[in-house]
Structures are given as structure tokens and as C-alpha cells.
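Each chain carries a letter (A, B, C and D) given by its place in the written order, and its residues are counted from 1.
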Amino acid sequence: MIKRLLVTPSLCIGCRTCELACSLTHQENGKPGRSRIYPLEVGKEQFVPVVCLQCDDPACVKSCPVGALALEESTGYIRLSYEKCIKCRACVAACPFGCSLVDEDQDKIVKCDLCEGNPACARFCPTKALVYK
Amino acid sequence: MKIQINGRWYKAFEGEMVLDVLRREKIDVPALCAHEAVEPFGSCRLCMVEITHENWGGWKGNVTSCLYPVEDKLRVTTHTPKINELRKMILNLLLARCPNAPEIQKLAEEYGVTITDFVPRPDADDCILCGLCTRVCAEMGFYAISIVGRGYGREVGTPLNEAPPDCTGCLACVNICPTHCIKYEDVGNVRKIWDREFELVPCKRCGKTIITREFADRLIKDKNLPEDYFDLCDDCKRDDIAKNMSKLVIWQDKKEEVKR
Amino acid sequence: MKVDVDVNEVKEIIGRSPQKPSFLIAILQDIQRHFHFLPPEAIKETASALGVPLSKVYSVATFYNAFSLEPRGEHTCRICMGTACHIRGASMALEQAEKQLGIKAGETTPDLKFTLEVVNCVGACAMAPVVIIDDKYYGNVRVDKIKRYLEGA
Amino acid sequence: MKIDSPQKLKEWRDRCLKKKAAAKNTIVVCFGPGCLASGCREVYAKFAEILEERKLKDITLKSVKKTGCHGLCEKGPLVVIEPEGIFYTRVKPAHVKDIIENTIINGEVIDKLLYKDPKTDKRIEKYHDIDFYKKQTRIALRNLGHIDPDDIEDYIAAGGYSAVVKVLTSLTPEEVIEEVSISGLRGRGGGGFPAGKKWATCRKVDADTHYVICNGDEGDPGAFMDRSIMEGDPHAVLEGMIICAYAVGARDAYIYVREEYPLAVQHLYKAIEDAMECGLLGENIMGTDFSLDIHVSRGGGAFVCGESSALMKSVAGDVGEPRAKYIHSVVKGLWDQPTVLNNVETFANVPEIINKGGEWFKSIGIETSTGTKAFSLVGKVENTGLIEVPMGITLREIIFDIGGGIKDGHKFKAVQTGGPSGGCLPETYLDESVDFDSLTKAGSMMGSGGMIVMDDRTCMVDVARYFLKFLVDESCGKDVPCREGLYQLHSLAVKVTEGKATEDDLALMEKLSEFIVIGSLCGLGKSGPNPFLSTVRYFRDEYLAHIRDKKCPGGVCRELITYEINDKCTGCLACIKPCPVDAISGEKKKIHVIDQALCTKCGACYAICQFDAIDIK
């Protein structure tokens, strides 16, 4: 059974713990990574955490000219191979949800990798607005 | 299958090259012309290693690991005295070609070469002719640039020395270059590279740019992606998705909800 | 110097061979033989006719000795630099020819009269060193004769 | 006329032979590269003109035959009168009338056109009696100089295509491979890989299709064996290829030939057309289910295309850049299909092996290198030319017996074999056997067959520099050791010839060479330092003379020599005019003087002086 990151916006309090967790989990050479998740304020005290949906028919994978992005059948998530990525930003432009991002500090393309099967955002979310199951 | 590297056994898979295993296992071997996005090429020769073939009665040889397919019980030594000397010589030669390239200087220094024994190229640029840019351009399906000429005088260039008609301004060449020697410039919504100007597609809402018009058009056409995917930038798309989702959410009193 | 090239001529030459990428070199050879160089128009035309990327055609055109991207002179002076010619003093002959024509090997005089070329063995080793002007062979060449040979062309 | 049985071929052959026997004389004009250069076309035209005029009954233009290279290029243009075998050398158009009037009509031999033996000074009438030919054994070159390459009937008369007929009617592919394996035939292109083994490996690979390629890209400067065979006997090459294609199961074959050899291209096209016409190529050859098309692939002239993987890319219409050969082209070659690649001479040997048997071939030569090898013997020898000798012959026999010794009474210094990738061997190796393994052991190699003889007026450093320059120009530039390494090695060699190098430079050259050999991707780079390594191994003192004494013992390196006029000068003024920079002054009957400030050391005066009055110091 493939696990998914479930988002319940009504539980989100906009505390941004997920952002911090994501950023620190993806730090490299002492530089925090750009967060792959964004709790966006859509109304008064209303937040929607936006994060890669790991689509079934992903535009990012389709757009990648060198096959650096691939949907893994066994885990159901889209993996970005940094060995292959040439930072052309095709996926950034193509993702209809804006969930492929450019991390200018680390000079690389980033997208949610579900922390390879143990997403930090879900672990640290104090309100269970994010659940991985 | 298993291969032995520097005395330790590692798992390897059919069809892999020795360098793939070395990189996966984070065993340090220099390589300037190998990148996973493109087929191995064997130009820089820095990744050469010594191999011993059990199956061939202990035959030993020096091979480029980027091009050598793994096989069961292959023994690999990554830093024999001879290989180290070879890398030193190669870096010595590269320093003569590109005396000013920081990446080459740094790597050469790691191998104890601080100054080249040869006569450096006058007016040298930083291109080591690894061919990554031309190979990635071909891999992208654009074939905008290629290796021109041959021998010591070969260079990376555009067809007929003119602005390349097949370029999309995607910057794959810029990003893959190990010595960062391909120059480009983004000014406002205009990208200049290879003597050509490209329009960067501005987000219809905020004006932020990500890729060029030509690149977007090729993606739409070649990859069969809907045109409107490219109308907005990632930031605005995230905003939109949040707003759209919010319409579906039944918002309740936060404290109540959290308590429950 | 600009040379006018009739694209229809180019198309006709391309049309003689099958329109397959493997015939790229053969087609370029035919174009080279006809125009004595590869005009840019012809390179572009070949690329589109064969469906081969322009950059690849350009790579091939600059890789092989047989092709020239510059217009050639009316006459060609070829100095054989094969081993037999070399050890019998071909480099002196080359130097003299360069001096006489005022150009380096591989170049063409500005008036498009002469192209000076270096070739590797024409199989006339018995008469080394050899200088070939257009189709005429001059054997056992002495440097002082080169001027006369060139004037004879 | 379709050949579909041994009987049909025999009948055709008989008819051809009868036609030949009916003719009174055949006048053979050599159209080899050497004779073409020395003016055989004009000689042929003169024959045509006079015969047209004379309207002789039994001698017409049909009796004049253009053939491929006879071998003795030194004495060209050559004309042979068959069936007597009268051998005329240095024939000028002016001689043609005499040949027709005296020899053809009256049966008189013209003495002054005969070959003069340099040892005995005697004129020799028949070419079989000339030392140059006596010591040769011709298998690959068997028809050169005898048949008209454009006339398939000439080839048929000489026993042509009997091997194809034999193979298709009585041998299985395995039996063909077995025969070639027994013969011990090794690839003549340089590497010397056993042909039978190559064919067997290729046949065994399971694939959609197999290819056969004939490498006619003879890139060595100073070599013209393969070119001569393609020009002079194209059907022999085709026949060898057909047999190979049958053996390995190929449907298409390619001949890769330089566009720079227009005659070879032209003859090959004609030969293919003729062979197709009589059903020896194309669909269902001889009514069997074996079909084969042979395509001519015109190469663009790149030495690196001698490397198999580069050649295959070039055949496919791409840049001739080699790839690493951890997977051999026999398994994955042209368009990734199993491919046999052999050179022209190798294929030319095959029909004879089939006709006469592998055992016969093996009986020629020595055990590890069977058969013969063609060489272009050039440089400072008396008899420059194309030769074919049994393996195992000594260098001395080739240079001094066949070659007639060193030109102008100079002293032998070295012989270079193997082209730019080969090496130079000194006098001590003169009695060494000429075969694949001995030459490699001595630090040179067989290569495709260039053999350049050097005398005491040759500078070995200059020779190394020359070959390095060639390789720098011809390297594709893909990998660093070859591209950068050879360039730097050449720069250092130039430094030596200019007298500017130190012993540290020489040590650096040796170290650099070692790593070019280890590090390079293909054969061009791996063997690239050979010209330097072999000369520094055998002629180190010459390098040291340049470095320590600033002297060039061979008198070649211009920065290190001066031309001076000695007291043998008779004051004849002959050297004054040729000097391109007017550096020589003098009056009649007084010793001339060279102005060293002006002298460019071009050697024009040295070449013209009849009195040995010019010294190179």
C-alpha cells in the first residue's frame, strides 16, 4: 500500500513548523534548504499548506528533458536525481501547482521527496494538519 | 553481482559502469567529463582506475571507469601510484590549456600540481573540451551547439559561427559546464546567450520569469504539455492552488478543531 | 569574399544521393567538388534535406580534411608532406611556396587565384619531394624552381 | 551474362583467355600513382595517337592496356610489352614511336629504355630478371600491373571469382572460416589480429544483421599499398569481401575509401557495377539465397578513421571520433551490429587462400606471421616502389636487395615502419625478421606497410618531430592525453630541434610519453609517442647532440646548421641563381661565399652543387 502525505487545511494554524522542519531536513553544507512546503494564508487564520501532490501523471516528469525526474512505482513519489539534473527549470515552469522550486542558495532545483519515506513536515506538524499514512 | 573496490566488496548491477558504483558509494575519483544526464564519453581520462579480472586469470589493466561495464568479481583500485601519476600528468596538461580555471587549479592542487610544466596556452579560456555542453544539448534534443574542428584546435561552437537557430536558451550547457565557462546574461525579460537573444516568459500575474519562450514552446510541443501550464510562475501557481483548495475546505473554529 | 551560390544547384547535388543521414559525408563531398568549398547555404540546405541537425553537419564539415569552408582559389598548389617527401626536404618547398604566394598552408590568396594546400602522400614517393599544381606533378622539386612552377599555372 | 555455376565461369574464362591469346602483343602502360605522377597519361595518349595514325592490323588501341601499379615507381612511367615481358622504364611520349616501330613491328628491343641494374650497370630486358622483382612473392598484388582494373574479363581470365564460385557451391560458412583460420592470415591493417578468429567471433554474435567493412582509408603518409590495390585490382578486394560476407552472414558491406583517391573510387564503382551485372553481387548470388550489396563509402580524409570505431562512425555519416573499445566492434560495430572490419590487403589475400588452400598460404612466411606483406618502400633507397615480400624476410634483404641500397652512396641510418604510430629501427636491426611480432618487439610495428628508409642525412629528432606534427594535426582531440599531450610533446620536440631544450625537457618528454600511452582512448594516442620513443631509444645521442652541443648531426635542423662553401668550389656560379634570398656572392672561377645573415638554409645550393663544395656544419 502506497503511503500519501495527507493535508487537512482546516487543521493548519499557520505555525510554519513544517517549513522549518523541511528546510532543516534538507540542509546541505550548513546551508538550510529551501522549504518544499508552504502554508499559505488564504483568509483570516485560514491556511492551506501547499506541497507537491506526487501526481499520477506528473507534468514535471514529462517536461524533464534528461529523465532526472521519475515516478517511483513502489513508493508512489516522484524522485529527482541530482546526478542527472541539469537545472534547466523545465519542471519549475511546467508544474501546474508550482511545486518544483529553485533553491537559489544551494543552486539547485528542489521538490518534495517525502524525505525518502519519512516526511519531517508530518512528523513535526503540531496539529496533524499534515499526516503521512 | 559484487565488485571489489580498494579491498572492500560492493553491490553492482548489470549494465552499470564502474564509475556509477564509485559515485554511488561516494568513493572519491575525479571525473570532469562524466555526468549522469548524458552517455559516458571518456574524454578527461581522470576517472581511470586499475582493474583486475579474476575471470581472465588475474589480468590487470588501467581503464576509464566511466566507460568500463561492471562484471562479477571485478577488482578495482582507484589510487595506484601509476594512476595518481597519470592524473597528475593530465591535470598538468589541463593547467596548460586552462591556466585560469579555478576548478582545474583546485583539483590539480589536490594532486600536488600547482604550476604546469608546459607552456600555457596564450589567451586561454576555461574550456577543457569535455563536451558536456554539446552532449547535453543533443540529449535535450536541440543540437544547437557542437564540437567544431578537431585536434588541439577543436572548440565548442555554433553552426557556421552564427547565432544557433536550434538554441532555446535553456541554459543546460551553462549549468553542466564543469568549469563554468559558458557565459550568459539575463537583463529584464531578455536572456543573451550564444549571440542570441531570447524572451524570458513573464508570469502573467507577477512578471517573474523562469524559462525562455523558445524553451517553453519546445516543451509544449515535444512533451505534449498544455500551454496554460506556462502562464504563471510557480509562486502564483501555489497561491492559486491554495485559494482553490480553500474553497473546498469547511473552515471551523481552529481551537475546536485542534482539540478534537 | 562572397561567392554567389545557386541554391537550386545545391538541391540538385543533394538530390543525387539518397536522403539519408549516412550519406551526409558523401553529399558534402559532392558539394565540395562542385563549388570547391562548402558554402553556408549548402550546409544549411543539406541539414534540412537530410533531417540532420545543422550543428552536426557543421561538425562533420569542420572535422574532415576534405572540406573547406572558405572559397578556394582558381589554382591549387599542393605540397606533398608525406614522410618520403619530408625527408627529402618538402618543408623547404612549402616554406618557399608560402613565401611566393604570401599565404600560409591551407589559405587562399586574397585575389582567389591560388590555394595552398598540404597533403599527406600522393603515392609519388619515387619523385619526392613532390609539388602538384592543379593536376600537374612536379617531382624532385628544388626550392628555387617553385616560383617558376607557380608562374606556369 | 549471369554466372550461376562453376561451369559457366569456366566457359567464360576460356573465352577470355582465347581472346587474349589471339592478340599479337599487349602494350601495358602502368597507371599506378607513381607513374601517373611521372606522366603515363601523356605516354598513353601518344600510343593512342600513333596507333590511330598507323592503322596497324593486329595492334590497335585495344592492345594498349592501362594497369595498376607495377611497383618500380622509381623508374616510371613504365611500359611492358607482353607476352615477352620486355620492361621499359622512364618512357617519355617521345619514345612511343620507337617502341611501336622497333619493338612491336620489328621485334627489336630498345636498349636505352631497359632497366639498368645499379650493382652491375647491365641492362636487363625482362622484368622477372630484375632483382627488385626476383625477391618478391606476390599474392595480394598478384594481378597488379597485369590486368586492366576496369575490365572484369581481365580479372576473370586471371582466375578471378573462382573463389566465390567455389565458396558458394561447395563450402559452408564454417568451412570458409576454418580455411581462413588454417591460413593464419592476420589483419594487414596494422594490428595483426587473426582474420579467421575475427570472422568466427562475428558470425557467432546473434543479431539482426551483420556487416562487413573494408578499410581503404590508408592514412599513413608515405604509404600507397591499399590505394594501389583498389586502383589496380578492385575485383580482388570485392571477391575477398563477398567471401567474408558469406562467412559471417552479412547482407551489406562497405568499402571505406578516401575521396582523395579518385581513381580508386572510380574503379571500385565500375567493378561493383560489373560484378552485379554478372550476378556475383546483389540478390541471390549464383542462384543461392545469399545476397550481398557492397557500398562505397567515401571518407573525408582523417587519419583517425583508421581506428575501427571512428571509421564506423564515419561510414554512418558522422564525425570520425573513436569510442572506447571495451565492447569490440566485432560484437557491436556499425549501427551497433556485429561487424568485421579488415583492410584492403587482407581481403585481397582471401580469394587466393580459398583457391589454393589455407595450408598453401601458411607455407609462405613464418609460423606466427604467415603469407606475405605489401610495403611501399620509399625514402632514400635506389628503387622506390610497391613491393610484396614473404613474412620473415629481413630488413636488409628488402632495403639492399629489392631496394637496391641507399641512394647516392650514402650510409643507412634507420628504417621507419608502421607509419606515424610505428617507430624507427637502427642498423643493428637490419637482419631482423620482418613480421608482426618481431617488429613490435623491436619497438616499431608492421602497420599497414609504409617503409621509409633514412640515411645519414636524416635527422632522427626531425623525423620524430615530423610524425608528432602529423599526429597533432590528425588527433580528433577527444581526450586530454592525446590532444594536449601530443601537442606538448611536439612543442618540446620543436624545442629540441631549435637547440633550445634542456635535459630536463627530454626527461619530461619521456614521462609525458609514458602517460599518453596509458591514458589515451584510442590507438592513435596510445601509439602516438612511438616516433619519439623509438628514436630516443636508438638515437639518444642525436637528441643529446641537439641539447648539449647545439648540433644537428644529420644536418637538417636549420637553427643548428650553417651552409659553408669549401675550397672544392670551382667558381662555377651555379649556386648563385637558385638561392632564393641572394645570399651567395662570388665571381667566376673564384670561391663563392654565403652571407650567413641572409641564408635561410633552404639547401638549394647544396642540391645543385656538382663539386661537393658546400658543407653543412
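Everything that follows uses one rule, which is that a residue touches a chain if its C-beta (ideal position, glycine included) is under 8 Å from a C-beta of that chain, and two chains touch if they have at least 3 such contacts.
Predicted, not measured: the structure shown is a model, and the values here were computed from it.
Common neighbours of chain A and chain D under the contact rule above are B. Across B-D and A-B, it is A-B that has more C-beta pairs touching.
Note: centroid distance chain B to chain D, computed from Cα atoms, is 45 Å.
For the pair chain A and chain C, the distance between C-alpha centroids works out to 60 Å.
For the pair chain C and chain D, the distance between C-alpha centroids works out to 23 Å. Looking at chain D, one finds that residues 302, 319, 476 touch two or more other chains. Residue positions of chain B with contacts to 2 or more other chains are 147, 149-150. Residue positions of chain C touching 2 or more other chains, listed in rising order: 56, 59, 63.
Going by the touch rule set out above, the chain pairs that meet are A-B, B-C, B-D, C-D.
Across the interface of their complex, chain C is touched by residues 32-34, 36-39, 73-76, 219-224, 227-228, 259-260, 297-303, 314-320, 376, 378-380, 384-385, 416, 450, 452, 454, 458, 463, 466-467, 470, 476, 577-580, 600, 602-604, 607-608 of chain D. Interface residues of chain C facing chain B in the complex, by the touch rule stated above, are 40, 43-44, 53-59, 62-63, 69. Only residues 9-11, 13, 38, 40, 42-43, 45-46, 48, 50, 59, 62-63, 65-68, 81, 83-90, 92-102, 127 of chain A touch chain B when the two sit together in their complex. Within the complex formed with chain A, the residues of chain B that make contact are 23, 35-38, 136, 139-141, 170-172, 175-176, 201, 210-211, 215-216, 219, 223-226, 229-230, 232-243, 245-246, 249-252, 254, 257-258. The residues of chain D lying in touch with chain B in their complex are 302, 304, 319, 323-324, 326-327, 472-481, 483-485, 487-488, 491, 508, 511-512, 515, 518-521.
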